[in-house]
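Here come two complexes built around chain A, the first alongside chain B, the second alongside chain C.
The block that comes next holds the complex of A and B.
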């Protein structure tokens, strides 16, 4: 059974992350505090605006969008770049390469348990609180299903980008700088800091051709749309699938080429 | 133990500093990439700021340039914590692995020795960016420039830095008791991003919370009032230097308490 070996890694990941209950707790608290800050900040911003709807988004839409973007970030960010960078610097990578599984899948599946635990322990509580605070702005219907599907692709795209960036560490041996750059680019261009609807037109057009908007903007737009239009949904998820495949091939190819470059000090 | 003078510590500090810079310089690519990363972070922050104010002319009576001033102020006041106290981020690893014990055997102050070991040069890019933003906002706001203003500015910048340093010290020191304190440190780090917003947007309860419990309002808001709105300076602004010193002292005591309690890992 091929799947079984992956699921074993998932199980190990779940058990491992259950060891760090405090960190989960701190993460939920962090998300809730963020919710408070975002609530008051955007309340003040919308109060200073002339109308209730700015760029097609109401105050509650913006609130849901930003808080859930942070919650998604919290559960998707697995510090894969750090993990790879450290493995490369310490030479531990040699051991991982010897394993009877592709490094890329091994790393992903060892994190899959953390994804599941984080989704349940940090994302769901945050989601519920937002749903309550915004008095039913989130429509409970088909859009939830689309959202979940979209998140699965988002996780994959995000991981591919992480892996691609992590591979660069093979050449530069710099982790912090590369990672912070990746984080900034992804967070800004994916709409996690400010909803993409607020971007100036030209910038928005540029961003729509990049893979980043598929990570946060796509699932959140699908979630906020209570009356989904089939064509719109298909287009969003279709774009995600295309990016998912493209980024996967890119990161795999780059890794393969780079492996020939690898120099491990001492091992 | 005999009391060592200020000059003694200053001389030692520069000796350790020189060693650190030498070792950093041997990873030149990492240094360059990290510096670029830092600049990118600041540019991304600035872009999101700019996008926000393209859509909304003011927030709660605070105009674009006033907010920019707060932003620049927070950047400058965050520089010392970035440059001089960066080793706090590694404290958790050192305590966990047992390396921390080496600091306990030096005949100088543990806190001083530990913090002096790392000087983060890339923080200087942030300083330059912050000062640039401050000057730009200052000119655009048409504020007068007098030596007294400059003096006030410096005093309050130091105050803001002290508060931030204390928060980080206290968060880092929790690792003497808690295993995985990274999340606490990360949470505090995320919170300093909110320091750049005027505290008046919050409800009274959170205003109290952010002033006395988690004093992020002192990082930019209260000190900036002295320069920006000289007619309506609350008492809290004037006593903030004292508060800064108290917080710093308390966090130092807390840190030292943890350090003296440390018993090593036995290796």
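The block that comes next holds the complex of A and C.
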């Protein structure tokens, strides 16, 4: 009964996102164009390099990594910051606050349907195409299971970061700049645009202590590693779980404090 | 019976940044700590019983929405006490949400791209409405309005009137104790307005729901409310039944006429013919202020028509603003 309250939002989200078929197509085309750019850029990088293997990755390793990162981005980026910013600016947030449910959960579960649709509509096809085209480079085994578990935590961490940034809108009432900055920071530091292996050592050390690499780097590494070392898997997923909890508490706390600030001082 | 809403001396103050003008001023504002305090609601008390329909009136910016936000728990009062069905709303917002329903004029809580019935089903799950209650309220809705064609229509394809109607139904769906309606008839045509008024009345009667209604339309007030609260600039001006208020704005209406010839002279002659009315004239119109307790509009109109050819006429109700001005000028209570 309790769970039904949330799952009904998932169901609504699925139906709603299926209404906008055209937008899904356009998104797929947009991603394709981006991938073409990525292909030629990295082709050029590898051509000018002395050896076939750069930073421990071959051209195909890099390409597979980046294609899947794009696909992952396509399904995880839910523009929650925009949604919150719009709701705050238009005052619609009052209606959401008056649902018998925490706003954070309400927003997350409203999006959960979109996650599922996007995963099936954009990530799965891309993954299958990559797997078929590269013929055997991706290992089909336990790594798939680790990947799925890892993605669940990645979604949660990503959402917490979005929610944290969205909360800032309560103070600024403007979203554009903050959101662009958030996107850039996440995309760069998570390894979604450049594999972390290519980062200079110092930066890579810094990044390894930040939550962002748990979003893209962690699940992709687990997926592409055909012979997973149990300790390595445990460490990666363990780090994710810790970040998941930390970010959740942080975003919940910040929201609570901010909302109180707003209800006390008005807005 | 204890009141469903109990408000004691609540005050709400906002801190507003003092904005400076021009580019230089805007740049300075980025670092400014120069706040001024604005008192949006000033020492208001009232108590509302279960099942009442209360009209909450006041000009724009009077503090109506702020009061409602405090009752719903979105805002916390700066001082004073507020109890909604026994608990403090801003401390128990989620619990309070279960007991109230809201309709904010221009905004919709419905799922934009889904048919209405889907929104209802989602709300049913969110508010955890038992099947039997859900079925019985849908049956009630069907007996009150013709919702069958609306149920399967996506909300974004609805007209404003249909959407408002749907929003009101959605607000009553979980059988809340209190429903807040913020300007529900804004922008609607006359027939839709009356449809919505009938609906609100019927739901209030059937479910014994308390309704708090803010509006600028005296027609809404006349049709629905027995009790009226008027606030202006955050202060309570009036809290009593509508009959009492009517003595002040009376049942006055203004009849505006366009007739040919010398208006001043016509006005003077009409004034002698209609001693119970006040007649005045400007460049274009002759205005006849009719006190409906003494004379009725058709009779006056017939009298004028006997003497003059009327080219155009308007009948004006007294607006909320006029009522408030009148209260200021003459004082109430």
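The rule is simple: the second predicted complex is superposed on the first by the 262 of 267 C-alpha atoms of A that agree within 3 Å, B and C clash if a C-alpha of one lies under 4 Å from a C-alpha of the other, contacts with A are read in each partner's own complex, and residues count from 1 in each chain.
By definition in this document, a residue touches a chain if its C-beta (ideal position, glycine included) is under 8 Å from a C-beta of that chain, and two chains touch if they have at least 3 such contacts.
These figures come from a predicted structure and were not determined experimentally.
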Just to be sure I read the superposition right, which of the two partners does A:54 touch: chain B = first, chain C = second, or both, or neither? first
Contact breadth on chain A, by residue count: chain C or chain B: B
Kindly classify A:194 by the partners it touches after superposition: chain B alone (first), chain C alone (second), both, or neither? first
Check whether A:90 is in contact with chain B, with chain C, with both or with neither, and answer first, second, both or neither. second
Mind working out whether A:184 is in touch with chain B, chain C, both or neither, as first, second, both or neither? first
Under the contact definition given at the top, report the residues of chain A touching chain B in one complex and chain C in the other. 20
List the residues on chain A that touch chain B in their complex, please. 20, 22-23, 26-27, 29-30, 33-34, 36-37, 40-41, 43-45, 47-49, 54-55, 172-174, 176-181, 184-185, 187-188, 193-194, 198-200, 203
Footprint of chain A on chain B - complex, ascending: 27, 29-30, 32-38, 40-41, 44, 47-48, 51-52, 54-61, 122, 178-180, 182-184, 186-187, 190-191, 194, 197, 201-203, 206
Counting only contacts in the complex, chain C reaches chain A at residues 12-15, 40, 66, 69, 72-76, 78, 90, 93-95, 97-98, 100, 102, 104, 107, 109, 111-114, 118, 121-122, 125-128, 154
Can you list the residues on chain A that touch chain C in the complex? 1, 4-5, 7-9, 11-12, 15-16, 19-20, 90-92, 94-95, 97-102, 260, 263-267
